[in-house]
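Read through the structures below before going on.
Below are two complexes that have chain A in common, paired first with chain B and then with chain C.
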Partner chain A sequence: MSWGETLTQIRAIAWRSLVRTARQPAQVVPAITFPLFLFAINAAGLDAAAGLPDFPAPDYLTFILAVPFIQAGIFAVSGVGADLARDIESGFLDRLALTPLSRTALVSGQIAGTMALGIVQGIIFVAVGLAAGATLDTGVTGALVLIALVVAIVFAFGLIGVTAAFKFGNGEAVQGLFPVLFVFLFLSTMALPRDLLTNDWFRVIATYNPVSYLLDGIRSLFYGGWDAEALALAFGCAAAIAAVFLPLAIRTLNTRVVRT
Partner chain B sequence: MTSSELPASIEVEGLVKQFKKGPRAVDGIDLHVDPGEIYGFLGPNGAGKSTTVLMLTTLLPPTAGTARVAGWDVARDGARVRESIGAALQEAALDPFLTAREHMRLQTALHGLPKGERERRGDDLIERVGLADAADRKVGGYSGGMRRRLDLALSLVHRPRILFLDEPTTGLDPQSRASLWDEVARLSREDGVTVFLTTQYLEEADALAARVGIIDNGKLVAEGTPAALKAEIGEPGLEVVPAEDERRDDMARVLERFGDGECVHHERGSIGVRLQGGDAALAGVVRALDAEGIGVASLQLHAPTLDDVFLAKTGRSLEGAGEDEEEDAAAEAERTAEGVPA
Partner chain C sequence: MSARSRSVALGVAWRGLHTFFHNPTLVVPSVMFPLFFFTAFAGGLANVSNVPGFDFPENYTTFQFVFVLLQASAFGGVFTGFAVARDFEAGIGRRMMLAAPNRRAILAGYALVAMGRAMFVWLLLTTVAVIAGIQVGGGAIDLFGLYGLALLLNLSALMWAAGIALRFRSIQAGPLMQTPVFLIVFLAPVYVPLDLLTGWVKAVASVNPITPIVEAGRDFISGAPVDALLAYGAVLALLVVLGTWALRGLSRAEAAGG
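Up next, the complex of A and B:
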């Protein structure tokens, strides 16, 4: 198959994914409001934490603003996963399997649609954060890098959703991942920077949790000036998650669609 | 050789599907469908119809045997087979959030139609199945009949020469069913499309199919034109409803004296028997019932139907046979668990 054909297929699948997402406000609205809601609560409730010695951010609001971007990724898992699971359950995947659609195009197209939602989420989160008084030290360039990072996160997390959908084949099982991923988020440097985590086991987990590095990368754009290492680690972690789950997604797809 | 030079036929030899944790859903089937023919694949739920269709459409690898569709081997040349076939599988799988036109846009793009042709092709097909007025409405609000018609139209996007329809009218009202039959008949008649149609409705096979194969428990138990199959049975069927239900057994005993084999108790309340000696035996039956004092609520003599053929070949009536969905469940489990080498 030529690249042109593959691109056409990716575009068609991505377009469908976007259209159906846009027509389901119940999917879009919580993916935007819920992270902002949590952001507002945290920013207001934990404001005093910024007074701790060695707290890196200018204020807690700017610090906690990184969290909604990770939540965009978590919503991507259930969004893309639930969509695919529904296609499996309804037989729509069989319809697709009967066309010359390539596996790569199916997976990438499905995720591309979710990535578009990720961009919208990213822009809204930055805008709301700045309006609420957060600072963005790296300016407009930083905002663009931030959006790119969100897209990378959504892509990586989306692959987890794709894998789960092909593995379990039903929407409920995919939705079941949602709380698990939230635990990952909480066991990270979400609420406090690593140096201020005094509990040993918690610090160890947060150190090995890739989510911490995604958060650090996002935060480096908001305060402290350009930090190549933090950004490389963040993009690297997203790439590593993708590198683990892309082959898994393809493998589970191969067991789900066994066309000859 | 290109696809269009090969015959639009289906050749199946010794096709087997053995599920790991389940029955031998398809147990050595031989089939031959000529180009342009409508072939009716008739059988109750769980008989192996859908499993056969999944294998012929390359969505499920056969355990044994060979099948060539449009000249290509389903196990080895899957992509070539898919190029040549269209399929509307059970329960029209559509996206409730997209319109008919949007479904067409997706399907034509995935089939690689040139950009300028996609919209026209989509509109033509929507028009053809009578959905022009509803083309921009979301499919979620469609009736069952509209969904099936859209499903059919989508399966025709790439001008397939062979069409697989898996129970295309199950659950439809008589009017929707008739309009779908018209369309399928037209495809075969005017466009020379070969149609492989599974159904559990005898009228459907009778109305549409040039030839019928009857499948039961994974085996082909009879094959031929509907007329030939019925002629094979020969004797007419007699169906009687007793006036008093408590005399059912007495009535069955009397009927058995005139019948060729045992009586069948239909769910609709009647007792059926194949009348030995043909129509002429009817008078004897009536006299015998009268002599025993058994009242008759209604009595019908009918020429053999495909139902009679099914009964004669399997010992069961098609109506209510194979209620379990074991095969479907096994097929689904297998498709998720077995996997194929990447």
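Up next, the complex of A and C:
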């Protein structure tokens, strides 16, 4: 199959995914409001933490603003995974499998709607953060890089949802991943920077947790000026997650198609 | 309560606890979530106790233990509300109503379930907290005061969730049971004492009935002077109001035929 044909297929599946996401307010609204609610509570509740010696950000609000962008990725897992699980449960995937559609097109196209939602989430989170008083040292260019990073995160996390949907084949099991991914977020540098984590065991976990590097990359755009290393690590972590889960998603899809 | 009603309440309680303890999908989240919150908050935010003005006399692990204990108790009540909704959705509620001469006994049975579930979580959470190094400055009576608050909060949250469950009689009402409890609990002084909160959260926390409960819980465990009257007054007021709400829900369920 030529690249042109594959792109046409991706476009068709992606359009379906986009329309489906846009038509599900129950999926879109919580994915925007829940991260903003947690942002508001944490920013105000932990405002005093900015008074700690060597706290790197100008205020806690700017520091914690990175978290909603990671939550966009977590919502991508359940969003894309639940949609795909519904396709499996309704038999739509089986019908697609009878067509000459390429596996890559099927997997990549499914995430398009969630990636579009990721862009909307990114724009809203930046706008709300700035309106609430956060700073964005890297300016408009930084905001564009931030949106690109959010799209990369949503794509990488979305692949986890796709893999889970192909593996389990039901929406309930995919939804069960939501709290698991929250564990990764909470056991990272979400609430305090690594240097200010006083418990050694927690610092070790946060250091080996890729979510910490995604947060560092996002934060580097908000304060401290351009930091190529932090950005490279953030994009690198997103790419690494995608590199692990894209082949895994295709493999689980093949297994499912053979089984059905 | 008559012997017949007591028998109904104990029957509902046995069934609810049996279902809970024999179903890993119910037990695991009930235990894992509090432990996870405790680990994340106490481990990741320990340095917050060095913020100027942070005056809690014991360590930060202890400070967070009280919050997580109360939060787990509240959510134990909400999760029992899920069981009420599931039972009525499946038609078991209707059959229980046919068998019970006084239907309030059914609600009493669910209250026993909520308490049993909460005590199981307390046991595990407290064990982990002791291993993690909580410092208890209060005496036995103080600890009794703390766990008493947790128990009453557990029952209050159950009454809220049961009121919803009995009106909707469907598990689809789950978010309606859970979200307000999540909001009210997290709008209390979670990470720092009330005095260190600023802005809108301080304004909300100052009038939040959960705030005196959380603050009294922390005073109980540290052995500091505690405004027990305010805390117990707040939680008892919640229990009376939400208990009335649940009883009215029971009447609605009766009128609808279960």
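In this section, the second predicted complex is superposed on the first by the 258 of 260 C-alpha atoms of A that agree within 3 Å, B and C clash if a C-alpha of one lies under 4 Å from a C-alpha of the other, contacts with A are read in each partner's own complex, and residues count from 1 in each chain.
Please note the rule applied: a residue touches a chain if its C-beta (ideal position, glycine included) is under 8 Å from a C-beta of that chain, and two chains touch if they have at least 3 such contacts.
What you see is a predicted model, and the numbers here were worked out from it, not measured in a lab.
Within the superposed three-chain model, A:A26 lies out of touch with both chain B and chain C [touch as defined at top]. Of the two partners chain B and chain C, more chain A residues are in touch with B.
Of the two partner chains placed by superposition, only chain C is touched by A:A49; chain B is not. Contacts of A:E5 after superposition on the shared chain: chain B is touched, whereas chain C is not. In the superposition on chain A, contact is made by A:V258 with chain B only, not with chain C. In the superposition on chain A, contact is made by A:P179 with chain C only, not with chain B. When the two complexes are overlaid on their common chain A, residue A:V140 makes contact with neither chain B nor chain C. Those residues of chain A that touch chain B in the shared complex are 5, 8-9, 11-13, 15-16, 19-20, 23-24, 90-92, 94-101, 169, 250-251, 254-260. By the touch rule above, chain A contacts chain C in their complex via residues 40-41, 44-49, 51-52, 179, 183, 186-187, 190-192, 196-199, 201-202, 206.
Taken together, the chain C residues at the contact with chain A in this complex read 29, 33, 36-37, 39-40, 43-48, 50-54, 186-187, 189-192, 196-202.
Across the interface of their complex, chain A is touched by residues 57-61, 74-76, 78-79, 81-83, 85, 87, 89-91, 93-95, 97-98, 102, 105-107, 109-112, 138, 154, 335-340, 342 of chain B.
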